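Multiple structures follow.
Two complexes come next, and they have one chain in common, chain A, joined by chain B in the first and chain C in the second.
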Partner chain A sequence: MWWFIGKRLIQGLITVWFIATATFFAMHNVPGDPLLNDRATTPIIRANLEAKYGLDKPLLTQYFIYLNNIAHGDFGISFAQENREVNDIIREHFPVSAILGVLAVLIAAVGGILWGSLTALYRNRMPDYIIMFLVILGISVPSFVIAALSQLGIVTINQLLGINFLPVAGWGTIYHMLVPALVLGLSTMAYLTRLMRSSMLEIVYSDFVRTAKSKGVPPARIFARHQLRNAVLPVITVLGPSIAAITTGGFVVEIVFAIPGLGRFFVEAVQQLDYTVIMGTTVFYGAFLVFMVILVDVIYGFIDPRVRLS
Partner chain B sequence: MAEYSAADFAPLKVQSHSQTLSRPSLSYWQDAWIRLKANRRALTSLYLVIGLLVFTLLGPLIWRVNPASQDLDQISAPPGRDRGALVVPEYTPWEGPTTQATELQLAAPPTSQAVRLQWAPLPNAHGHRVYRNLYPVGPERAFGIPLAEFFDNSTLYFEDRLDLRPGRYYYSVVALNDNGRPTTEAQTITVDVRRATSISDAIKQGIIPVDAEVEVGDVLQVALHPLGTDYLGRDMLARLMAGARVSLFIGIFAPFLYVLFGVVYGSVAGFLGGKIDQLMMRFADFVVALPFLLFMILFKIAFGIGPGESGVFPMLVAMILLLWPASARLVRGQILQIREQGYVEASKLLGAKSTYLIFRHMLPNTLGVVLVTLTFEIPRAIFTEAFLSFIGMGVAPPTPSWGSMSNEGIKTMLNTPHELIFPALMISITVLAFNLLGDGLRDALDARMRNTE
Partner chain C sequence: MSEMAHKAESSVPLLVVENLHVEFDTYGGTVQAVRGVSFSIEVGKTLAIVGESGCGKSVTVQSMMGLIPMPPGRITAGSARLKGNEILGRHIIKGRDIRGSQIGMIFQDPMTSLNPTMTIGDQIAEPLQIHRGYSHAKAFKEAINLLSMSKIPEAAKRARQYPFEFSGGMLQRAMIAMAIACKPSILIADEPTTALDVTIQAQILDLLQDLQKETGMAVILITHDLGVVARMADDVAVMYAGKIVEQGSVDDIFYRSAHPYTLGLKLAMPTNDPAKQHKLNPIEGSPPDLFSPPPGCGYCPRCPYAMEICDRQQSDLIALSGHHASRCWLHHPEVTQRPEDLTYAEGQR
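This part shows the complex of A and B:
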């Protein structure tokens, strides 16, 4: 087990290095000039600024300085917001995205398992048709449309009730988080529901379920002990990639609902060509996702011993 | 001993037909096609996909409206509305009303050329403020946008020419006290503004020819926009068709290219095996681990968009660079399986060369899986394009795409919902059609991947 974890961690580190390198060289290829803004720059000021950001050094030297800084957890200073460290930005805004993401993953996982088992149990009956129709809708409608429509829904509900039942946008209380998290988790929930349904259907006709039935085990117990526990395994496998999908999908929800998360900051940085912020956020997000996937792998290794052996 | 004649050794004629097949033999693809035809959902989605292609490719030949031309007379016009425009005289400045008003009233019939209001002084008013609202003024006294302020009672009329569109407006006059502050005295009227045009405007917009015999009071038909117009007065239907070209081009062409690359990469790795396979697959693992959307954005800015470029090409390249590993892995797995099959062994024993083995036995047998993957990758690529365009990282304006149209439409979602609904609907229908088609293809082509339904 420890060997398995160690191997995955080393792979993860190499992946993070790969991400950092790709980010560095991609950003170096960006057309335009980071020091070219509305303020007039004389050659002397320009040279000073270049020296400050290390832009006068050869590319390879810059690359090693950059790698060294990342290894020390230093992502540099923002180009667009003066005297603001990228680390500060991440520290301030990442928790917001993380809370939203965790909530969305929870909603998606619980909802997916619940709806998936329901459709399998009520196969080819009304609940199955209704849920599968909603699932197809959830997969087909773009998240920004769902986000906008849900905002419209909140406004309508608030108007009908005459009170501020749910806030339309912003951040702060749990009420601000509910709808964005639901919207964020919706497509993943739809995907997990499909997965859960097919894996549940496979189990319903398996031998051990039949044996349990013939032994006279009550249906509720068969469902909980025999079917659910076995059917949920494939869902756990895709949770890692789902976390990745949900975290990066957060951009849209954060923009539409005006949530001060890292995703919105990233999009803003991209629009302002804030080099260090773009690089820092990408490497940070990349590392985060890589280690989330490893975490899920390790958890899965504990649940299903076959994984560690292969 | 019996005697045998030469006739006894003549070959017998085949008499029995025990091996006759009861049904004609079907090839893999014929069989798949029959199964696909039996699946009503998949067939419907296939028709939808064909319909979308027709809409994209033949639509612009039928609906010949330039998606970039602006109809400034009909900005954000909703679909399916009456197009009649009353011909009114050329605009002349208004010197004020000729009669005395008793309350807030119209001094002339309201048209989209101008709305002329006049009123009698409100009780205790030391001046008036004029408001216009799109919604009825409720008890919360939301009068809308203030249009004008008069700090004495000498001016008791107002002419509104600000961005008038056909439709209902609510005009209010609020009395001001001697400090210039609004009081509780107010009057509101409802005004139904009619579309109007002057003869010279109509000629300028090309509604009527220069020498047309049109008189004031006639009703002209303004340009037809079946799905309305957007916030710059551009025809929605023409833009949807032009946007379909971009969205479907990226949505179909990009997956085609990166699946193709994945197939080549995966089959080479799977066929060679050993150290090279390990190395190639390790590299694919790294590319998979890259956070897709972040790198998509990163590559998009790295390639840059020059002036006058649509930005479709950088998006295509970025997608190919990032999305090939999934199909490469899949094809490699398939090749590894097929390599061990009996018919490949047999072919090898008969002296088949590597190229023959790959092209005759291995690739055709992975084709089903590849086709299914391709169908599922198309909605993903369409979503990616829409997502990137939505956050402003996609195709550069004025090139329309469904994603960028949604992005523009979402800003005015409440007042002109059609600007969001149509592009969003197109994205949803396309993604839905390809998803269902993918399900159907998977069921028809590959027994192992078949859905448990």
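This part shows the complex of A and C:
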């Protein structure tokens, strides 16, 4: 098992290096440069500035300086915001995105497994039809529509009750997190529900479930000990990419609910050609996702002995 | 009927199945998979149910155990009484599930019949925890005993392993250990050796026989392998198109075959006797469509001895001797001339 984790970590490092390299060269090839917006640049001033920031050095040298800085955890200073290091931006705003994302992933995973199992056990009966209808709705309606509608819902409920039952937007308490996390996790939950349903249906008619019945195992115990653990494997597999989708896709929800997360800075940096922030957040997100996928692999290894031992 | 006579002369049978009918609803219509099967089995005996694929032999035992999915499956008639208690359509008797405690079962494909994410030991321990209320530790210890009873070396180590670390033969041994964990009075073996290679087959059959001697359980053996039948069975029921066409002792079936289908099966067996012809003798044609079973004998289109009546009406099981019976008009008292192939001699009736 330790060998398995070590191997995955080394693979992860290589992936992060690849992301960093690709980001660097992609940014280098984007039209425009950092000094483009300064009005009073004569060629001489420009050359001086380039010499000062090392932009006149050969591309490969710049690349190695960049790699060296990243290796020391230094992503540089923002080009668009005064006197702010990229590290500060990440430190301040990533925890907000992370809490929102983790909550959303939890809701999506638990909900997906629960609804998926339910639809499989009630296949072609009322609960199945109702849930599958909602699932299609959840997959096809974009999150900003659901976000806006849920805000409208909160307002209506607050008015009807006459108290502030749930905050409409903002950040701070657990009540601020619930609705955004639910909205953010909804489409993933819908996707996982479908996956869980088909995987559960396969398990329900599998030989080993028949064996469990022939041993006289009561249905509840068959579900918990024989069906769930085997049916959940494909869901765990896609959980890694789902975390990616949720954390990077969070900025829409963050904007609608006025949540100070990292996603907004990521998008704004691209619009403002804020080179260091783009590269910093991209590499950071990349590393985070790679780590999540490794975590999922390790969890998978604990659930499925075949992965752990081979 | 001969069956009744048989009952009278021996102890009360352990399990009596009467007139079992099972249907399946499919998109193509309703399949009548089992059409009135009756048999009984006594303590410590082995009953083999033989027949080709799709003749309803697996459905017969699985419907008894409540293992066919309902719907689309449906038991339309019949009864199955275990020690006098009706078990058809329900499997809880006096608050206890008879499955795993009174009737154990092993299946055709050991590779897929065990839970891939549970250790072998835990899976064997499970029925003990459920039916006997053992603690996990006690049940697991007993599971190790059962594994060594099933002749698995290093049982203590093996019990902590997962199914993917076992070979097919080893898995079937583990299945057997699991099925006999609570000392059931009947073990149903649904084609236990079909998925295994020949040398392993022999070992598994030996193991079954040894365990049967030790525990005194009855065995219902489903198979399409006449070699297995000859080796294991006390009694045999030959099934064709959802019905039993011949039943009797193993000697009756092999030496005094009375139904043309049994005879066909026997002739189709390959032989290594140099005096005999080495060409295979298959039974030509295929079994009838069970969506709309024929009114007459299902074997009629393939039968070399078919008569006019066979097409219109199927015979009842006609008693021959002891509990040997055949579902064929050739044994009707009014038939005066019988083909010589049917070695069942005149006057033995």
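As a convention for this text, the second predicted complex is superposed on the first by the 286 of 310 C-alpha atoms of A that agree within 3 Å, B and C clash if a C-alpha of one lies under 4 Å from a C-alpha of the other, contacts with A are read in each partner's own complex, and residues count from 1 in each chain.
In the analysis below, a contact is a pair of C-beta atoms (placed from the backbone, for glycine too) under 8 Å apart; a residue touches a chain by one contact, two chains touch by 3 or more.
Note that the coordinates shown come from a computational prediction; the quantities given were computed from them, not determined experimentally.
Novice: Following the superposition defined at the top, how do chain B and chain C come out on chain A, clash or fit?
Specialist: fit
Novice: So, A:D304: does it touch chain B (first), chain C (second), both, or neither?
Specialist: Once the two structures are laid over each other on A, A:D304 reaches chain C alone.
Novice: Of the two partner chains, chain B (first) and chain C (second), which one does A:Y285 touch, if any: first, second, both, or neither?
Specialist: Once the two structures are laid over each other on A, A:Y285 reaches chain B alone.
Novice: Is the number of chain A residues in contact higher for chain B or for chain C?
Specialist: B
Novice: Enter the shortest inter-chain Cα distance between chain B and chain C once the structures share a common frame, rounded to whole Å.
Specialist: Shortest inter-chain C-alpha distance (chain B to chain C): 12 Å.
Novice: Shared contact residues on chain A, chain B side and chain C side combined as an intersection?
Specialist: none
Novice: Quick one: which bits of chain B touch chain A in the complex? Just the residue numbers, please.
Specialist: 285-286, 289-295, 297-299, 301-304, 379, 383, 386-387, 390-393, 403, 406-407, 410, 413-414, 420, 424, 427-429, 431-432, 435-436, 451-453
Novice: Going by the contact rule set out above, which residues of chain C touch chain A in the complex?
Specialist: Result: residues 65-67, 69, 91, 97-101, 104-105, 107, 109, 112-118, 126-127, 130-131, 162, 164-165, 175, 178-179 of chain C touch chain A.
Novice: Could you pull out which chain A residues touch chain C in their complex?
Specialist: 205-208, 210-218, 221, 225-226, 229-230, 303-306, 309
Novice: Give every residue of chain A touching chain B within the complex, in rising order.
Specialist: Residues of chain A touching chain B: 11, 14-15, 18-19, 22-23, 26-27, 29-32, 136, 139-145, 148, 152, 198, 201-202, 244, 248-249, 251-252, 255-256, 266-267, 270-271, 273, 278, 281-282, 285-286, 289-290, 293.
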